[in-house]
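Down below are the structures I want you to see.
Across the two complexes that follow, chain A remains constant while its partner is chain B and subsequently chain C.
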Partner chain A sequence: SVCPGDTSVLAGLYGPAEAKISKELPDRAALEVLLRPKVGLPGVLERSREQLLRQTCEAVLLGVLHPRTAISLVLQVLSDAGSLLSCCLNAACMALLDAGLPLAALFCGVTCALQPDGTILLDPTARQEQEARAILTFAIASSNRKVLMATTKGSCSVEEMQQCLAAAQCAASTIFQFYRDSVRRRYSKC
Partner chain B sequence: GSITTADGSALVKLGNTTVICGVKAELAAPAVDSANKGYIVPNVELPSLCAERFRSGPPGEEAQAASQFIADVIENSQMIVKEDLCIANGKLAWVLYCDIICLDYDGNLLDASVFALLAALKNVQLPLVTINEESGLSEVNLKQKNPLIIRKHPVATSFAIFDDTLLIVDPTAEEEDLATGTVTIVTDEEGRLCSVHKPGGSPLTGAKLQDCITRAITRHKEVKKLIDKVIKSITPK
Partner chain C sequence: MAAERGTAAEALVGQVVLPGDLLLLPAHYDEDAEGERLRLSAGTAPQGRLLCGPGLRRSGAGLLVTKCGLLRHRPGGGGAYWVDSQQKRYVPVKGDHVIGIVTAKAGDVFRLDVGGSEPASLSYLAFEGATKRNRPNVQVGDLIYGQFVVANKDMEPEMVCIDSSGRSSGMGIIGQDGFLFKVSLGLIRKLLAPKCEIIQELSQLYPFELVLGMNGRIWVKAKTVQQTLIIVNILEACEYMTAEQRKQALAKLSGN
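For the complex of A and B:
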């Protein structure tokens, strides 16, 4: 489970397991992502987020090493205090790491909020998100800091988007260091 | 418009991809916490007749994700301000049901859906509604119709990514299946980005993304000219 600030997401990964005949792909693993909101039934917003997460994970996962299998990633939102999508991305990556699945690169999620006066805020709280003019979420790959996933809410100019992207790429280094520390801590006990 | 029973409609063909959008306006009471706002409800449907991969039944992930994308574009670009849809504060407001149905799927669904939505909304003629002070009931005047106030004109441009380097604009279904990723950029007439939608897929550098955005801005001008030309040609006597 990952909790930046007060946002908290629990991720569970199951697989590679036997896939249903209808869902199996002949040459690679079939990844399925389920995002459960804190309250209510999953709706259209959850479906679109599941699609974003699934395609981001598929880009880094070496699915060809496990053909005709199914990998299930279930994310449960425990609390939402802003930056939910990047929290889900980080939880997904750590779940993939923890499960020991073969990955081409790690990725991390960073949310940038553009304030009305032009300043860029990273990992905004729910309050800051509401006041912001635009919210951009990026998934940055660890190998070369390239953009794996990008999604925006609200409109912004092209220069502002590039500035947010640069800020996100810098912040990514901190998050990858956190991944390293967590994994080191986990395996130093046993 | 293309659908005579709808308040506004448009049919868009991008290569072989055919998308039709119909807008129906109904009256409803606004929500309690936003008493001066109407509603816009987009819904994208991918029926089984458009491609063999879509089965009949509840909407699949692609249709739901597309519906969410269209709702986000409307919200981000502020093309229709919900306050404009309000008739009487707290009592009556318009609800615009935008149904986008794909008739032939040959890739690039998002671009075609956004164009169809924009053209259909430009085509909408809403009757004048007044509230009778004494009876408190609404009176709909079908003879007098006004077009919608559309503030911004967002245009979507999709690219298919192949192996981190090659970018193809307006991919067909075959190109999409073989691509390692897709990017959709939505710009408005001022060159502002309404949405950058890159759902996973192979990684892109910031420079490549910038390249996509510049092309998207150029394409916006061409598409806007085309939409204006068509709307002008069907304006009634």
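For the complex of A and C:
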């Protein structure tokens, strides 16, 4: 489970397991993401987030090593205090890492909030998200800091988006260092 | 194409590596730094072949890490690099000895659950001394210890209970009683290492029979049910205990 601040998401990964004949792909693994909100049934917002997460994960996962299998990623939101999508992205990456699935690179999620006066806030709280003019979420890969996924809520100019992207890429280094430290702690007991 | 974050492979041996890390190989494997030149003459062959083990993939100038774990190196015979990672899910590999559970009998073939993504198949003739008239007595729910002869990502895995010379060498149907449980793959590899301390210490406690499957399954049988359960609990806890904690636990048990 990953919790920056008060937002907390629990991720579980199952696979590579047997896939249903209707869902299996002949040359790669079929990845399925299920996002469960804290209260209520999953709605359209969860579905769109699931698709974003799925496409990001498929970009880094080496699915060709496990054809005709199914990999299921289940995310349960434990508490939401802003920056939920980037928290889900980080949890998904750690779940893939922990399960030992072959990955071409790691990725992390960073949320930027663009205030009405033009300042950029990273990892905003729910209140800051409501007051912001635009909220941008980026998924950044560990190899060459490339952008895997970008989604925007609100409106902003191209220059502002570039600035947010640059800030997010800097923040990504901190998150990747956190991944490295967590993995180091886990393997220190062997 | 310069490797942005390539570090020498030897520098990272024994340390944690993450997917996406690029490892550069030492110079005598990769003569030309700018690109791979095809060697048409059989003149100077490289010194032995480097083996790229689990967790690593060949990519351009070096090796790309695909799983997180500790990087290991074996210097003999050309050298081998691999990543020691902890996982619970088993992926069938040719030559691995595993414990399978019979789930169905389909004509001449048994279907075994080995913990992978597909059930493995086992022909009834793949037992020592089995002929068309002399069939082995295998029921649904039995435990079988065998090895994979076919195990790749594209085909259904196939198992046999005889080795290449036709002898069973310990494989076959596992007897009645005993206890089957699942542990992580890293613990199995630790237990299978030669002169494993855990097994030696346990054998001084009670006599027992042990079958280790590379798919994370262990079958234990001791004289009484209580002794069997004690051994099961110790093996399961071994994953998280350090050596001193284990010695203390065993000392307490042998004192009782």
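By definition in this document, the second predicted complex is superposed on the first by the 189 of 190 C-alpha atoms of A that agree within 3 Å, B and C clash if a C-alpha of one lies under 4 Å from a C-alpha of the other, contacts with A are read in each partner's own complex, and residues count from 1 in each chain.
FYI, a residue touches a chain if its C-beta (ideal position, glycine included) is under 8 Å from a C-beta of that chain, and two chains touch if they have at least 3 such contacts.
Keep in mind that what you see is a predicted model, and the values were worked out from it rather than measured.
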Chain B versus chain C as contact partner of A:127, first or second or both or neither: neither
Which superposed partner A:179 touches (first chain B, second chain C, both, neither): second
Contacts of A:15 with chain B and chain C, given as first, second, both or neither: second
Contacts of A:55 with chain B and chain C, given as first, second, both or neither: first
Touching partner for A:100 - first (chain B), second (chain C), both, neither: second
Contacts of A:155 with chain B and chain C, given as first, second, both or neither: first
Touching partner for A:144 - first (chain B), second (chain C), both, neither: both
First, second, both or neither for A:136, with chain B first and chain C second: first
Touching both chain B and chain C, residues of chain A: 105, 141, 143-144
List of chain A residues in touch with chain B within their complex: 44-45, 47-48, 50-59, 105, 134, 136, 139, 141, 143-144, 146-158, 161-162, 165-166, 169
Interfacial residue positions of chain A with respect to chain C in the complex: 15-19, 60, 62, 65-70, 97, 99-106, 141-144, 176, 179-180, 183-184, 186-187, 189-190
Residues on chain B engaged by chain A in the complex (per definition of touch): 61-62, 64-65, 67-69, 71-72, 75-78, 164, 180-181, 183, 188, 191-206, 209-210, 213, 217
Touching residues on chain C, where the partner in the complex is chain A: 4-5, 16, 18-20, 55, 57, 64, 66-70, 84-89, 91, 116-118, 153-154, 186, 240, 242
